[in-house]
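The following pair of complexes shares a single chain, subunit A, combined with subunit B in the former and subunit C in the latter.
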Partner chain A sequence: MADVPSQGVQEPFDLIRLSLSERVFVKLRGDRQLTGVLHAYDGHMNLIMSDVEETIMIVEPVEGAPEGEGIVRAVKRNLDMLFVRGDGVILVSPPSRT
Partner chain B sequence: MLIFSVFKTLTDQEVTVELKNDLCIKGTLKSVDQFLNIRLDAIQVLDEARHPHMMAVKNCFIRGSVVRYVQLPTSAVDTQLLEDATRREAMNQNKR
Partner chain C sequence: MDSPSPPPPPEDSPPPPPLPSTSSGSPTDFLKAVVGKRVVVRLVSGVDYRGLLSCLDGYMNIALEQTEEHVNGRITNRYGDAFIRGNNGS
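== the complex of A and B ==
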């Protein structure tokens, strides 16, 4: 590890490190997702983000429809500065470089 | 440890804690520990109609593991400092 340059992706967490101060996409348990600017993280994937938009997917059951099907409704909410507990995090995706 | 330090700097600030059962509690952050257990004073439950049993509660201790989010006061957070501290901690983790 000694002669490894500090830049570049060597281990999974490096991908998150290089996303600091960038807008990231975070998928959470409970059909929630966030986009926001990442400012801090730790080994538990606890995150601190700002300018966050949360999207919650809610499935509304429809009369007569089979179990597990229904209308999917997205509820959105904006939050200024947010701490996200790591145990709810499924994935963190860096900004798309296009 | 980094996030623990962040919360320590936020003591006596107004925060909103959202729990995994969707209960939102706003209050003054009195203390925090290494498990990110949180003690709140002068609490107010958002959407009291849905949680009438919480009306009489004025302060509380929240187990860290039941927290989903904590909404922080933007003005009390130095984002540049956070990013530098995070990079430093990531470096130290790599050395081990």
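== the complex of A and C ==
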């Protein structure tokens, strides 16, 4: 059903609706990203997710390196159940269902 | 630099894609006309998302297919489908 482009997706939220109970990738403000199972969402894109792995990208400035370039360190943590406030959401991507 | 380059995006750079015959359409008409085409979505952060525009809504939430994330001209991620929250557009 989903292999025909746009079928079943009339508005962007349909994409999210079709991803309920699936593992999704979420890109957040503040160089954070999540992967977890999507349980619920609303029009603000507030999300309830479970079994979440959060990855936080931390750039550590290196002496002598140009501004904005340094060692990028990825800090990960795992959360059983997570509420995400919608205003932090940049992008949500469902599991590739090609 | 990434080898498999998809068909070239028709509206890659500033010039807008061919407009529908209705001259001087509203922005809404323009957006309706580009649904299904390859587009570039630039976020306030400067990150670009290139992909097939599947739909959008009144908040400018956007659904893209075959999406490539470009940061500083480099592809940093690919998504089969992507939902972009409207407030992040540019």
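Just so we're on the same page, the second predicted complex is superposed on the first by the 90 of 98 C-alpha atoms of A that agree within 3 Å, B and C clash if a C-alpha of one lies under 4 Å from a C-alpha of the other, contacts with A are read in each partner's own complex, and residues count from 1 in each chain.
In this text, a contact is a pair of C-beta atoms (placed from the backbone, for glycine too) under 8 Å apart; a residue touches a chain by one contact, two chains touch by 3 or more.
Just so it is clear, the structure is predicted and the values come from calculations on it, not from any experiment.
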Fit or clash between subunit C and subunit B when superposed on subunit A: fit
Touching partner for A:46 - first (subunit B), second (subunit C), both, neither: first
First, second, both or neither for A:96, with subunit B first and subunit C second: second
Partner chain(s) touched by A:25 [first = subunit B, second = subunit C, both, neither]: second
Contacts of A:87 with subunit B and subunit C, given as first, second, both or neither: both
Touched partner set for A:57, first subunit B, second subunit C, both or neither: neither
Subunit B versus subunit C as contact partner of A:71, first or second or both or neither: neither
Partner chain in contact with A:13 - subunit B first, subunit C second, else both or neither: both
Which of subunit B and subunit C A:79 touches, first, second, both or neither: first
Smallest distance from any CA atom of subunit C to any CA atom of subunit B, in Å, after fitting: 11
Common interface positions of subunit A, toward subunit B and toward subunit C: 6, 11, 13-14, 87
List of subunit A residues in touch with subunit B within their complex: 1, 6, 11, 13-14, 17, 20-21, 30, 37, 39-43, 46, 48, 50, 79-85, 87-88
Of all residues in subunit C, those that touch subunit A in their complex: 36, 43, 45, 49, 52, 54-57, 61-63, 65, 67, 79-85, 87-88
Subunit C-touching residues of subunit A, taken from the complex the two chains share: 5-6, 9-16, 25, 45, 86-87, 89-94, 96-98
List of subunit B residues in touch with subunit A within their complex: 1-3, 6-7, 20, 36, 64-65, 67-74, 77, 79, 82-83, 85-87, 89-91, 93-95
